[in-house]
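Here come two complexes built around subunit A, the first alongside subunit B, the second alongside subunit C.
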Partner chain A sequence: MIDFLNYLINGALVGLLYALIAMGFVVIYRASKVFNIAQGELVVFGGFMVWWMIVQAGLPMAVGIPLAFVAAIAFGLAIEKIFFSRLVGESVFSMVMVTIGLLILIRGLVLVLFGPAVRPFPIIFPLKPIILGDILIPRSLLFGGLITIATGLGLSWFFNATRTGLRMTAVAEDHQVALSLGISVKRSIAFAWALGATLSTLGAIIFLSGKSLNFLASDIGLAALPVALLAGFESIAGVLLAGLIVGIVQGLVTAYVDPAVGGAVGSVFPFLIMLAILFIRPTGMFGWKTIERV
Partner chain B sequence: MLELNNVEVLYSDVILAVKGVSLKASQGACVTLLGANGAGKSTTLKSISNILTTEDGRVTQGSITFEGARIEGGDPADIVRRGIVHVLEGRRVLRHLTVEQNLLIGGHMEKSGQAVRRRLDEIYTRIARLAELRKRTTGYLSGGEQQMVVIGRAMMSRPKLIMIDEPSLGLAPLMVEEVFNVLRSLKNEGVTLLIVEQNTRVALGLADYGYVMESGRIVLEGAASDLMSNEDVREFYLGLNLEGERKSYRDIKHYRRRKRWLG
Partner chain C sequence: MDPAGVYATSYSADSALVRTRAQAICLVVFLALLVAAPFVVGPRLLAISTVMLISSVVAVGLQINTGYAGQINLGQAAFMGVGAYAAGWLATRFGMPFWLTIPLGGCAAAVFGFIFGLSAVRIKGFYLALTTIAAQTLFHFFFLNLPWFGGSNGLQLEPATLFGFAFVSDRSLYYLCLVVTVIMTFGAYGIARGRHGRAFVAVRDDDVAAGMMGIDVVRTKATAFLVGAFYAGVGGALWAYFVRFVAVDQFTLFHSIWFIAMIIVGGMGSVTGALIGVFVIKAMQETFVTLGPSFVELFPGLGGELVFALMNVFLGGVIAAFLIFEPRGLMHRWNIIKRSYRMWPFPY
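What follows is the complex of A and B.
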């Protein structure tokens, strides 16, 4: 029973981490309709920025972390400007091709700048786990989970109730209508990329705190993909819930099924969920169904 | 107030959809632009709001002047800021958002959140139906309700000129009347209106002046009352001729139509 609780809680927290990464993905997709396959590379880039500021440059965290965010945001804006600003309204296919190119490019850039070596990531959250009776919870995941929930609810409110957020939601729904109301679609998309890069960096900090970092950390972006799909691509609050579901299922399958079959079913399970969703309900659980009224 | 001079619009560098249109709407006037499918009415409006860019179109010739300033090819946001708002064809509500969210987005240029709220209350008093529907998701509203939402949303930006594209399309007669009542109240208030319609009768009932478009050109213009009694308009757009039978517009040779209109 205690074991079960342990798996459940840790699964949920890992799921929330996926949700945070997926949020970056969703924010970019909503505004620009770019299905950013390179989301994991943004996490790696953000991670390396944090590593560079704190470990290489030796800055204190209070300075280094904000600077890393600034650098990541600049990077996100640059990507948007260089690769996507001219592609607004192009087909999904060409956008996907560009994001694949982007993935390879960022990976190459990271290798050139920081090399393939494994680097120690600074300890942002204390390593000592929180112990509740017999349950053991890593601090980074717990704090990360709380940050993710707060971020998700905050973003949800932002997109539904603030003026800037509503502008972005209008852009998410219909570029032409947004333009006809005098909303700058370009600015909204740029803002989305900045936000996406911020969320990725936040994800990197929670994911990597006290661990090691190299270019392979981008795999977390892949793990977040099923979460975004399960949620549907538009609902931020839905991403939280989808993250919890994927994380818990993955945790329990890893704990109980993997030993029985002697394989890594747990790690592929999210992708099985993803395929199932694609077959059953491509708009996800909370995504915008195309409302049909004739 | 608004003046188009010999405007040409080209889509994708090959399709000439508007071929030298000149029209005018003076301060406080209600002008209607009539014409059959594909005549280029929507394109003309898009050239003014300059949302042509999203469709790979552009103004290749002529000028568009609003309150003395040239606006052709300008930034759509700047055009809205100057006081022109374009209500697109087909009741384009933001379907997943509520009525209130749609309206708030329409007022996004107000200086403060409070100013938006004040404007929102004004709109609710003006169009009481919207107040009743404020929490409803617009995608599930009836066509008439959606048309009210997009008009209200356009009004949120306190425009001097509202361009509206086929507001009566697909609405029941009673609903058409309700929509045009709102437009009439705007007109009475001094807002300049440019209405694109296929429902000629209703449009000429409200407008002061009308233009008739055909294959990208203005082929006829005049005071609304004159157009209403014009034999051609009666025949082709009001569906009446002297024998009282409906005749297809296409039945008559093009050169003859031209000749009669030009004559």
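What follows is the complex of A and C.
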């Protein structure tokens, strides 16, 4: 029973981490209608920024982490300036294709700047787990989970209730309609990428705290994909719930099914849940249902 | 567009693939060059050419799926892997000859692809594209864990044999791949010009309008996945006989992304474009790999990995630049040049 509780709680917290990474996908989608395939590379880039500021440049954490966020935002804005500002008015298809180019490009850039070596990531959350009776909870995941919930609810409020957020929602609905309403699609996309890069850096901090980092950490982006699809790309608060579902199921499957089968069922199971749910609800749990008019 | 003075007087002439004598001559010369290539180029270039041929089959399949039918497919390498494993398994387990395993490898991949195509019944747009990433994960999991495929050791293959002749030498493998590639490419031209190709284009341009015209949209999308995956499977089977070793690491998401890069650079919606894209991307990759060591000698401060990394930066930039400045690829640029040459001195 204690084991079960342990798996359950840890699964839920890992799920919230996935939710945070998935939020990066959703935020960029919600403000620009672009699905960013290079999300995992943004996480790696953010992680390396933090590593560089704290380990390489030797800055104290209170200075280094904010500076890393600033660098990530600048990076996101640069991506918008170089690539997407030229694509306003082009089809969404080619914008998504650009993110495929970005995936290759950012991976190369990270390799050029930081090399393929495995680097120790600074310990941002104390390594000692919190012990409640027999239950062990890693601090990084617990604090990370709380940050994720707060960010998720905050962003959800921002996109659904504030004027700026609703403007971006209009961009996600249709670029042309948004333009004709006098909304700056360019600014919305810039904001999306800055926010996406920020969330990725936050995800990198929680994910990597006390672990090691190299360019292969981008796989977390792929692991978070079922969460984003399950929730529906348009829903930010939904990502939290989808993250919990995926995390708990994955945790339990890894704990109970993997030893029996002798394989990594836990890592493919989220994709199976995702496929199953998409068959029942093609737009995810909370995605917008679009009505097609001729 | 045809040059002035060329017009068809019968339906078969109108739908012909080769329309003018100049085109026929170009085709024959090109094929003759391909046949003569092994006697001209060195062993390294020959191996690169064989890889190009194999990639061409896979990229042409992706072109049908993504370029013609407009369904983004991020799992083409997984489909290729299914073909490679199926061919390898049939050959080692049942001792089937290669002329059976290559088509059957294609069929196995087609079935796998069709399952993802079928999800088009319910899932639309980017959701559909992203479920193909699940193909990549599922492929990796199943072929690593199912008992018949050698797990992490991969599959070893005997060379393909025909009437006692074993395809071991680089030259014979090149010809094997060339023959298959030529057949598959002509098949692709046929599909693109025929009823199915037109249905693909209609669905790509507007699936609501296509449905109104009486095209079964879901079936068309599923067929596109079926055909694209079949091509990937055939390419995978060729790869299995070329390397004679199959492992899951040869077919990752990153490989799928390279295939998409190839059709972007070559030109979406053109079989010839896919071939050009394969050539350009592979040639650039190999140039970087070849020039890398001398580059490192020139600037000893740089490490060996840096060249590979720089290649990624460069190629990623090239893909983005193509989408920004020439979204329809090199093929479109070529068509513009051809047209302006024919129209000269008039602008249009």
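As a convention for this text, the second predicted complex is superposed on the first by the 279 of 294 C-alpha atoms of A that agree within 3 Å, B and C clash if a C-alpha of one lies under 4 Å from a C-alpha of the other, contacts with A are read in each partner's own complex, and residues count from 1 in each chain.
The rule we apply is simple: a contact is a pair of C-beta atoms (placed from the backbone, for glycine too) under 8 Å apart; a residue touches a chain by one contact, two chains touch by 3 or more.
In this text the structure is predicted, and so the values were computed from the model without any measurement.
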Three-chain arrangement built on subunit A, subunit B and subunit C clash or fit: fit
Contacts of A:Leu103 with subunit B and subunit C, given as first, second, both or neither: second
Partner chain in contact with A:Phe83 - subunit B first, subunit C second, else both or neither: second
Subunit B versus subunit C, judged by how many residues of subunit A each one touches: C
First (subunit B), second (subunit C), both or neither touched by A:Pro120: neither
First (subunit B), second (subunit C), both or neither touched by A:Pro66: neither
Contacts of A:Pro282 with subunit B and subunit C, given as first, second, both or neither: second
Vertex subunit A angle, Cα centres of subunit C and subunit B, expressed to the nearest 10 degrees: 80
Touching partner for A:Ala170 - first (subunit B), second (subunit C), both, neither: first
First, second, both or neither for A:Gly154, with subunit B first and subunit C second: neither
Minimum C-alpha spacing, chains overlaid - subunit B and subunit C, in Å: 12
Interface residues, subunit C side, partner subunit A - complex: 70, 72, 74, 119, 122-124, 126-127, 129-131, 133-134, 137-138, 141, 144-145, 208-209, 212, 253, 257-258, 260-261, 264, 303, 305-306, 308-320, 323-324, 327
Complex contact set, residues of subunit B against subunit A: 49, 51, 53-54, 75-81, 85-88, 92, 94-97, 101, 104-106, 108-109, 113, 116, 137, 139-140, 143, 153-154, 157
Residues of subunit A defined as touching subunit C within the complex: 35, 37, 83, 86-87, 90, 93-94, 96-98, 100-109, 111-112, 115-116, 222, 225-226, 229, 233, 261-265, 267-268, 271-272, 274-275, 278-280, 282-284, 292, 294
Of subunit A, residues touching subunit B in the complex: 89, 160, 163, 166-167, 169-170, 173-177, 179-184, 234, 288, 291, 293
